[in-house]
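Pasting in a structure now, in structure tokens, and then I'll have a few things to ask.
For reference, chains read A, B, C and D in written order, and residue numbers begin at 1 within each chain.
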Amino acid sequence: MPVRAAVAGASGYAGGEVLRLLLGHPEVEIGAVTAHGNAGQRLGVVQPHLVPLAGRELVATTAEALAGHDVIFLALPHGQSAAVAEALGPEALVVDCGADFRLADAAAWEQFYGSPHAGTWPYGLPELPGAREALRGARRIAVPGCYPTAVSLALFPAYAAGLAEPEAVVVAASGASGAGKAPKPHLLGSEVMGSMSPYGVGGVHRHTPEMAQNLGAVAGEPVTVSFTPTLAPMSRGILATCSAKARPGVDAADVRAAYEKALGDEPFVRLLPEGQWPSTAAVYGSNIALVQVALDTAAGRIVVVSAIDNLTKGTAGGAVQSMNIALGLDEATGLSTIGVAP
Amino acid sequence: MPVRAAVAGASGYAGGEVLRLLLGHPEVEIGAVTAHGNAGQRLGVVQPHLVPLAGRELVATTAEALAGHDVIFLALPHGQSAAVAEALGPEALVVDCGADFRLADAAAWEQFYGSPHAGTWPYGLPELPGAREALRGARRIAVPGCYPTAVSLALFPAYAAGLAEPEAVVVAASGASGAGKAPKPHLLGSEVMGSMSPYGVGGVHRHTPEMAQNLGAVAGEPVTVSFTPTLAPMSRGILATCSAKARPGVDAADVRAAYEKALGDEPFVRLLPEGQWPSTAAVYGSNIALVQVALDTAAGRIVVVSAIDNLTKGTAGGAVQSMNIALGLDEATGLSTIGVAP
Amino acid sequence: MPVRAAVAGASGYAGGEVLRLLLGHPEVEIGAVTAHGNAGQRLGVVQPHLVPLAGRELVATTAEALAGHDVIFLALPHGQSAAVAEALGPEALVVDCGADFRLADAAAWEQFYGSPHAGTWPYGLPELPGAREALRGARRIAVPGCYPTAVSLALFPAYAAGLAEPEAVVVAASGASGAGKAPKPHLLGSEVMGSMSPYGVGGVHRHTPEMAQNLGAVAGEPVTVSFTPTLAPMSRGILATCSAKARPGVDAADVRAAYEKALGDEPFVRLLPEGQWPSTAAVYGSNIALVQVALDTAAGRIVVVSAIDNLTKGTAGGAVQSMNIALGLDEATGLSTIGVAP
Amino acid sequence: MPVRAAVAGASGYAGGEVLRLLLGHPEVEIGAVTAHGNAGQRLGVVQPHLVPLAGRELVATTAEALAGHDVIFLALPHGQSAAVAEALGPEALVVDCGADFRLADAAAWEQFYGSPHAGTWPYGLPELPGAREALRGARRIAVPGCYPTAVSLALFPAYAAGLAEPEAVVVAASGASGAGKAPKPHLLGSEVMGSMSPYGVGGVHRHTPEMAQNLGAVAGEPVTVSFTPTLAPMSRGILATCSAKARPGVDAADVRAAYEKALGDEPFVRLLPEGQWPSTAAVYGSNIALVQVALDTAAGRIVVVSAIDNLTKGTAGGAVQSMNIALGLDEATGLSTIGVAP
């Protein structure tokens, strides 16, 4: 009997990507697809690339529309998930692609999101130590932010092995789909093409405490993250350049060994052969994270670069991967490590 | 027992796309992957998006390397397929992504390609009248050019229904991957980004006689094609804007009906609902052609726009689709109508 | 004494480009810069590339704000120019970058724009036969549409020389800035990048009657234009591929001669040496139109490709060029034929 | 009497940009334009955007061709400038856009460039303390690297004021023109578009010692730079995200004051109003550097972002600016702070 899945927020980029992946998932049957402003539209108008669903009608996002499904993916604006989830009952698996339940620290939540903390759900980044265990059988999953996915996968091996000082510096470039589908002047094609620009500089981006939470848990001590996100002229992809001072005595072999140990068996992270570096093109549409690491001996820093597709491994693919674990399916079901390139 | 497939020219864009699709084909096992200049390299270096094949070694393109496979895909420079195919014997299915065997008219071949005509193989555009029959059981397949695929699918319904005068005008925009992976100054990112430019203007592009051949066969009379290809600042995709004078008395309902009749049942062509127009973004990585048609009554022309992914439906996807037919598999096996967007 | 110029609609793309050019115009002093929704903002926030004007405040677009200038550039949404112009008095030179006064045919205006015809002003495409004379001393100028600029420059020589049948076919690709700065979902960077898409297909685009008007006047008989605009993944630029059947007996030398005669002395049109084709990259930020022509003898068509920067020669540069003529200045003052490339 | 200037390497990106700027320089007359592989070509074929020079012939790069000019710009591959410069005599002003004479430390040169050190010339970044004095009357100028320009302008104010620890971390994104015009597979449009990728990671990029040299001189103590360059899908532009730990007790007002003091009077650096961040789009084709700074109190770091056009302020514009100083002209002659946007 197939798993019946609903997608709330199906007209946006995250919701569309969830649908794209579920269409290729052999155990899932797509039920309700809901939207807010686009309710009543055919999906073919809003998501013309999802040809097999072109005739489906988007219905309004209500508890009634979402009830009766085994899994409900929420791809809603921040702050809307709690009310919807509450109405859904404890048996259904609710996978929240929003931020509402990612942070354990209520104060950090309130500082960065400016609203009361709704709670904390099992965190859907299976590669982090202990995460798979928490996801098995879970009925609520908080899908990580796209930047924290790229950055945590890049840096946790160094912290797990005790190789790095607890002060990370991260500069990441994201494709414009990370900013969503709501039209704003600075996201127009004319503005984005041919331009790199930073935003949320100086420690104010909302994904900062999420990175600190993940890395701090692995390190066993607080880790600060100086995080600068930049908007790149591409639709998809995150390239995260991450570094931290190497602890005294750490050499290149230590670093390589730590990364091989932490990432070597992961189905959706690939530590590249030495000398080869990741690109976002290579992960376009795929659920894999490509990672490479170097030790800059002159500067005394471990430098790690990771590339993900922000909508796949960074959102919808991570969501499906965690769903698979929660439901007891093979973790890789319906997910691909093959990108679409060039 | 799986179909064992080899890919010659696996380091290029066409060969890489064949591999990407074969990786998702449930009946195919990938055998030899061969190259010329890149022989000896790991595939992971040359095609980093094909993660499951990263460790595979590219071997030199020789008859020996390609022998012993059920299917051999040739993704070689024009003029190299004949010699390779001859050495492979008549039992193996040889699918040529190059131009060598596309044209029936030896004079046209020699005029446009400047070399002796090698022959004519069954033409791998199943949607054309009679094409599926010719492909069933075939052991040699000539995969159409990317532009002729987009243009023939756009215009053949009008000619099949006798609605259009035999003088077509086509302007098509292609992503840069259509020009291949051999580095040339005008294909550099710095040159391509932010720029539209034409090439092969005035009836000299090699795909022109192929379009004329396809449309003429459907029309039952010679069709001239004024074809202007342009290079667009994107990696993949072809948008073909095609038009021809409407025959006297043709109205919009005639046109719609002809297109619905010709395309309505095709698994890999979608005539869009009226008012919706195709984009290359919607077919990125997918094997579908999106088509829309309008009658411009003031100008007296039928205007058709089609969008394909030049590497998928325009090359490797078309090749796999035709292979499926030749081998007696379901035509859609291993092929998707779902694009990766945005 | 400098010419004092105001710009209404200075926060949009057309208005910003007018300001960019006026900043380099030795005879002009920039006066009021006005806006609607952005009134009260510093120009540096809205147009950060116009560094010398960064501290200027955008004021509300009112007759009072615009009064007292020698020249007023209107870069307003269609339909708003007439009321503003009326309030400005007959002595000021009003240069309208909008469509309101471009068409002579009131019926065509009403059919395509759906509102009453406001009148007809001298048409600001100096290269057309007779246009310069009409612009000298004019106090009202209708700046042509961007597409009609590219298409008229490409095709008028053929019609002026009587070489082409009166049925033109045009497919043009435009950068996204042509669609303006008002945010709409389909203009988001995520949607535009990597994608070509058509719009206004089938003879419904508003620039169609303007092209027909220009070409018909030159030809001395009505000319129909089958026009398909497409949106290309770039910020600026128009590449127009235009063709028409050659009249019987026309040969390549006739065509070349006609184009050399018509364009050879133009300061802002360059007929390229034979064999070289235009690209939008080469005209980025410049006021030049690059043109090349070929005769496709097999299809019997004259094929012309032109490239312009839609914001410069296609809007603001054309506006300044016409202003120069109207004011009796050297036509090239403050305008450049040098693009910014790569 | 105009300054007569020759450009060696005029077919490349740097040489083309030098020519673009010299065309707008009121005191300069363009003499010889030389090339290597493209010698004998018309400039219009190789640099089609430089319309006024389209008919000029590229001659071979020889001492004879370059002799007899007041200024010679060298835009040659690394390692070729010394021999050419020697043949030119001491009176001519030689402005080297290459790396050969940038580094004072012969050991660093040999480590990073792998060839004997040719010497050190006055360094063409006038904004650095003491640089203008060294440039006045100079007859040899070493134009800085593009990355060092962006990074030095971003960080020197913090070091000049003693606000930052001597360990800088820099991640910069560059447009593809920074990699030059020699065709290589990884620079193809198909590879670059839609992709961010790092290169030269781990302290091995050749611009690293140049940054350390500049910042160390200002700081009065050695400064290490952890530098990661990335290739962005755009033709032009560098966005440099730079940070360093704030010294104890430093607050936001100290930082702001230091930047206003260091940059406030510079004609070609603009410290943006608080809250506004630079983008490469805003500096496209302009000679300005846009800079903004923030203090991340949680991470304890000063974060600075700068944007330049790598070909203008980062190469040719910086070269002309330094030439102006050397020749005793107004520093801003022929240079613009106005970008071409969108």
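Keep this in mind: a contact is a pair of C-beta atoms (placed from the backbone, for glycine too) under 8 Å apart; a residue touches a chain by one contact, two chains touch by 3 or more.
Owing to the predicted nature of the structure, the values given are computational and were not obtained by experimental measurement.
Between the contact lists of chain C and chain D, the overlap consists of A, B.
A centroid comparison over C-alpha atoms places C as the chain most distant from chain A. Of the two interfaces, B-C and B-D, the higher number of touching C-beta pairs belongs to B-C.
The distance from the centre of chain B to the centre of chain D, each centre being the mean of the chain's C-alpha atoms, comes to 45 Å.
Between chain B and chain C, the centres computed from C-alpha atoms are 37 Å apart. Within chain C, the positions touching two or more other chains are listed as 13, 175, 177, 181, 188, 190-191, 193-194, 233-236, 278-279, 281, 284, 342. By the touch rule above, chain B contacts chain A in their complex via residues 13, 16, 20, 23-24, 42, 44-45, 47-52, 54, 177, 181, 193-194, 235-236, 270, 272-273, 276, 278-279, 281-286, 288, 290, 336-342.
The touching residues of chain C, counted against chain A in their complex, run 13, 175-177, 179, 181, 183-185, 187-194, 233-236.
Taken together, the chain C residues at the contact with chain B in this complex read 167, 169, 171, 173, 175, 188, 190-191, 193-199, 201-203, 208, 224-226, 228, 230, 232-237, 239, 241, 243, 245, 277-281, 284, 292, 294-301, 303, 305, 307, 342.
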